[in-house]
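Below, chain A partners chain B and then partners chain C, in two separate complexes.
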Partner chain A sequence: MTRSDSVAAVRRLRRSRATRAKTALKKAPFSAWFGIVVILGYVFVAVFAHWIAPYGETQVFSEAFAPWSQEFKLGTDQLGRDMLTRLIYGARNTIAIAVATTLLSFAVGVSLGLLAALYRGWLDQILSRAVDVLMSIPSLIFALVLLTIFGSSITSLIVIIALLDSTRVFRLSRAVGLNVAVMEYVEVARLRGEGPKWIIAKEILPNVMPPLVAEFGLRFCFVFLTVAALSFLGVGIQPPTADWGSMVRENATLITYGDVTPLLPAGAIALLTVSVNFVVDWFLQATSGLRDEK
Partner chain B sequence: MKSSGPGPREKGKDLLQIRNLHVEGFSDERWHPIVHGVDLTLKRGQVLGLIGESGAGKSTIGLAAMGYAKPGCRITQGSVLFDGIDLLAVNEKGRRRLRGSRIAYVAQSAAASFNPAHRLLEQTVETAVAHGIAGREEANRSAVDLYRRLQLPEPETIGFRYPHQVSGGQLQRAMTAMAMACRPDLIIFDEPTTALDVTTQVEVLASIRNIVEEFSTAAIYVTHDLAVVAQMADRIMVLRHGRTVEEADTRQMLASPSQEYTKTLWAVRKLAKPEVPADDYLLTIDNVTAAYAGKVKVLQDVSIKVPRGRTVAVVGESGSGKSTLARVVTGLLPPISGSISFAGRLLSTGLKTRPKEVLRRIQMIYQMPDNALNPRQTVEEVIARPLEFYLGLKGARRDRRIGELMHMVEMSEDFLERLPGELSGGQKQRVCIARALAADPELIICDEITSALDQIVQEEILKLLIRLQRELGMSYIFITHDIATVRAIADEIVVMHRGKVVEQGLKSEVLTPPHAAYTERLLSSVPEMNPDWLTRLLASRKI
Partner chain C sequence: MNPVARTVLQRLGLGLVTLFIVSIIIFSAIAMLPGDFAKATLGQSATPETVAAFQREIGIDRPPVERYFVWVAQMLHGDFGSSFASRTGYRRTVAEIIAPRLYNTMFLAAVTALIAVPLALGLGILAALYRNGWFDRLVNVATLTTISFPEFFVAYMLAYLVISRDTFIGSDFAQTLPHWLTVSLNWALNAVPKFPTLSNVNDQTPFWEHLWKVALPAITLTLVIVAHMMRMTRAAIINMLASPYIDMARLKGMSPIVIVLRHALPNAWAPIVTVVAFNLAYLIVGVVVVEVVFVYPGIGQLMVDAVKSRDVPVVQACALIFAATYILLNLLADVISIATNPRLLHPR
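The block that comes next holds the complex of A and B.
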């Protein structure tokens, strides 16, 4: 057992996470760059809303439906609040809710999905059938019903949308988890006597990350749209909190007069959704190893 | 149809000439050379064996003989002349016309090459019909004829079965029939029997050899098994790192290899360990019966004793219950009846009811190190976990122990930061051994741990295991279907067949005649390096 009979190794230091990310970014296509810049812009606006916005979120001025001017860059809404300010605060509220909802739905969906994949049997049956039942009800209508029952506070909005969304996350993570749970390294961990927490967090999760991250991006968009839709219907984010969905609804009448202002919050939603999808597409292509041949 | 039946065609002329072939593969964002300037000449009706360890470029050359490079590979230089046509110069359409009709390919895994949604017959005749060589009726008749020549059971009707309804060996023969359907001039066999166990392998080898001889088809036979190539090939070409080491007629090559590397290849199968009789038993399996889903009995009344510090080899073909035995011992599959005692104490049957200390003392090593190592964990993480989990080692003491374990398995500490994907097959298996050793076990169950490795690496791993046993005094249960491996490592042998123990005893007792009937069959199916072995065996079995 001397060193001399060691198998010779070519020393190669593992590239650090930061440098690997850098090289990946360098090779990113234009669409991905566009997406990243737009998302960062949104985040910046959302975080510094208080300092960027020219007026207060609920500050009311005398003139309702004012046209675009020096004073009100994008005019005012039906109560005389500055549209630009509302748009900026809307970014903060809408994005924060979407992020919180997606995170919660993934925390619930992934942990239950991987548990079901690991243990199979009755646990899997109970969870899967419960999810089937939830999925059989149209989610928008179900959300409407639940929101009317529990009242539309921001917390209940987040919890209800997250739970309804976690059903799809559950399905996905269970499916990808099943493929990994039968691998021998999972059996090795079980033979070692590891508990479910270790097996799920250390053995299975790192190997199912790519599809889950991709799904995260897509779910995020859908949550965004659900929140906007619910706000548009009046059970989402309640006034006077600024939010893009309700801004569209409240100012929709302006469109009849040829004013594009109500389209701006809608455009903001569309731009963010498209950007997130660009980034997700790029991520999918980079990690799945699926490349177009030639 | 070009020739209506078997009969010698124009023989002796050059059919395939490969000159100065260079192939590159794409990985880590760069093109790496895989094959460096290989020359090869194949005459009509001749069988050339390509052998070498994995990564030698055997399969790549086999595919290049059809003018084809796998996705991620490219042929950069050289020429492939097939019957006067340069396959690299003609366009893809021209190559496609030749492939299937005049050049055919038989892959390692027939199961993955057949479309599970179609019947065998449709797939067998598909190319012949598509190339317009024969009408469907005629092609069907000729396929049945091929099935008969390949000694498939019920040749008239077997074509109407789906791929999952026949055995692996039959599927491999059906694949050969598919390749023969157009009576090609050249067939590339890419490790066609590697995935089969020895008793099936013999049948497939015999039928492939017969049909190639009958139709005097030229063939390139790619394998890493010397004994197999000795039966099949007229000439042998030894490859290493994408270069030709040497090429000669089979008999000459076997009798007197000229290169040092070839000699080491030849020497591999001669490793043998003297047996040591048992003095004390560590594990006793008593009348164990086990079944999956409570129905199919995979183990029936199995009793085995494993001596302390010795190796028990469990031998048998696939489906004999070898791996199930391992699952029962580790607790993954609780037996229906019977008992297992370990170090004088009764083992509880289920995994969940076993204390950590018992789990620590029985470790397992798997056949496919790729599946047994988490691709997202570094070597260090893999080895560190059992140290933390069982022994509570932390910080500097853990790191020191990791270093010791790496030395035990003869690996440099430089490997600690690597992921499994950055290791070779043999290195991965060493990491798996180090992980098992980390728990400081008394019994290691090795489930076919060398069968996915090529022979030189196999020998290194076996030597390592023998040395570790001598130094640390563990017992091994060594599950394998390879008799050469058994000779190399075992003290005692257990022969299993259909879930029952057929024979057990000291190595010398089991391996010297008289044998039980099944043991005889198993032993005689192991290919020998003698080129006449298959002919002799078939002659003796017919009697």
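The block that comes next holds the complex of A and C.
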């Protein structure tokens, strides 16, 4: 009885998660607010693309490269599809693929990294050396080689980039996991006879969350840029799927006539990555007190 | 044996082992090709005989281990095999396709490095000297932004800037602005040098014209890599400034510039060199995209084209060159940082 009483007393003193988040948000700098608002805007557009877009994703009109007008707010592209519509659907496709890739890469990287940190020994050795080798090739080059073999479909794109990217996630989660795996409470859990799944999920993971969340933001940016670069090069997301990287490439000729339209998808990519970086920057400072000297 | 020499040799051996494994991976790319690949390359109408001949030519009918060693031996003699684009009677070797383009890419990378590295070091030192001042803050925001821009965005922005030098005055946008703003913007745009937006060079292009034509790609790559190098230089120096011997120098009454250059910088070389090498290696990736934007006939563009047409020997050769450069640069960074900081000889 006394135990539950004291727990209740402690609980009253401790602020709930929601209020803590609220106070943290109140103290957030302008750049972080800007980032959060922009990200929410992108998510909104991506989710409701179907209702927002004035035309269909692959609907073709008679005039290609039409200028900005009342009918086509941002003109049309090289096949006569509405640019604004493509831009909106592009948000959905590009972001969804990047999120799926990052999630997969984290699922692989974090679980292997924490397993390696927990067990050390030969498992750790094998995984770490394999990651060393994989990281000794620039990932864009490696992705190009793999795409030659497997061809450019969305599935292979996601799997290839996720696997290449998981090497970096592995490194980080192994490093932070090692710090936690030597703690007494992990040893206690082991002696209690808990399995690796339980130890990782209940003992290690909650204690390594902040760096992993920050890393998730950074990895997302990296994956997002890689997918965009590959699509831009014409070996990523294939037409007719709307995607920002390929939209830049397809309409690049317009730039030579002094038209800004092809820069819009590229700008959309840049704005999102900048926003995510701002939020991650703030999150890192808020959770770890990480600061420069002075 | 000299401990420095021993460590250097160790690293060299490690690098060779990595290169060996990487070559195996790249080699197995051709071994992992799906079975119908010959058919896909030769077209649906290919007879079984042509398919068999093609498979014999790329050597799929022999055991992989034997093929690997033949491949490596040929490559060490400078023979990278022949491209899938070659037809009977007209053999196009990978080496002859790659050689001129490799020179072009190296040229671009060298120009970029010559601009970017001194610029990054200078800016980093200045930012560390005047840290938390407006200069530092400005540089910080600018670098955070350029880091998160995709290369092709930076590239097209620059191209657009150069082009709008001529088109701005006639555009609708200029009409909507007040007159004085239009005039001053036009004046500012006219100050932009008229760089070529297409870097079409060939082996007859004279050196200075070549240099002029790679201006935009080189500036793009510089913008992309300077940020990271500058931030690391600043962080490394600031880290050093917190140590007691710097306080001693300050108390002796030395000027801040002398403190940074003579006392802090020599000890900060190791992390700076590492990040410089890392970024030069990153150039390899950036080069692919930038070459495509400016239609510069380099090895990156070649690789992308080969990936699209699934010309495996060319992809393999390009990937191997990229990977070898990458490994070599990282190795160099290791060696330099050990040579400048003997404490790294004894890792804890």
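The working rule: the second predicted complex is superposed on the first by the 276 of 294 C-alpha atoms of A that agree within 3 Å, B and C clash if a C-alpha of one lies under 4 Å from a C-alpha of the other, contacts with A are read in each partner's own complex, and residues count from 1 in each chain.
Convention: a residue touches a chain if its C-beta (ideal position, glycine included) is under 8 Å from a C-beta of that chain, and two chains touch if they have at least 3 such contacts.
These figures come from a predicted structure and were not determined experimentally.
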item: First (chain B), second (chain C), both or neither touched by A:112; value: neither
item: Residue contacts with chain A in the superposition, chain B compared against chain C; value: C
item: First, second, both or neither for A:273, with chain B first and chain C second; value: second
item: Touching partner for A:183 - first (chain B), second (chain C), both, neither; value: first
item: Partner chain in contact with A:140 - chain B first, chain C second, else both or neither; value: second
item: Chain C-contacting residues of chain A that also contact chain B; value: 293
item: Residues on chain A engaged by chain C in the complex (per definition of touch); value: 132-133, 136-142, 144-149, 151, 221, 225, 228-229, 232-235, 245, 248, 252, 255-258, 260, 262-263, 266-267, 269-270, 273-274, 276-278, 281, 292-294
item: Residue numbers on chain B that touch chain A, as the complex places them; value: 71, 330-332, 351, 354, 356, 359, 363-364, 366, 368, 371-378, 385-386, 389-390, 406-408, 410-412, 414-415, 417-418, 427, 430, 435, 439, 471
item: Residues of chain C defined as touching chain A within the complex; value: 18, 21-22, 25-26, 29, 32-34, 131-132, 144-145, 147-153, 156-157, 159-160, 163-164, 166-168, 171, 197, 235, 238-239, 241-242, 281-282, 284-285, 288-289, 292-293, 303-304, 306-308, 310, 312, 315-316, 318-319, 322-323, 326-327, 330
item: Residues of chain A that touch chain B when the two form their complex; value: 1-3, 5-14, 183-185, 187-188, 190-194, 202-203, 206-207, 293
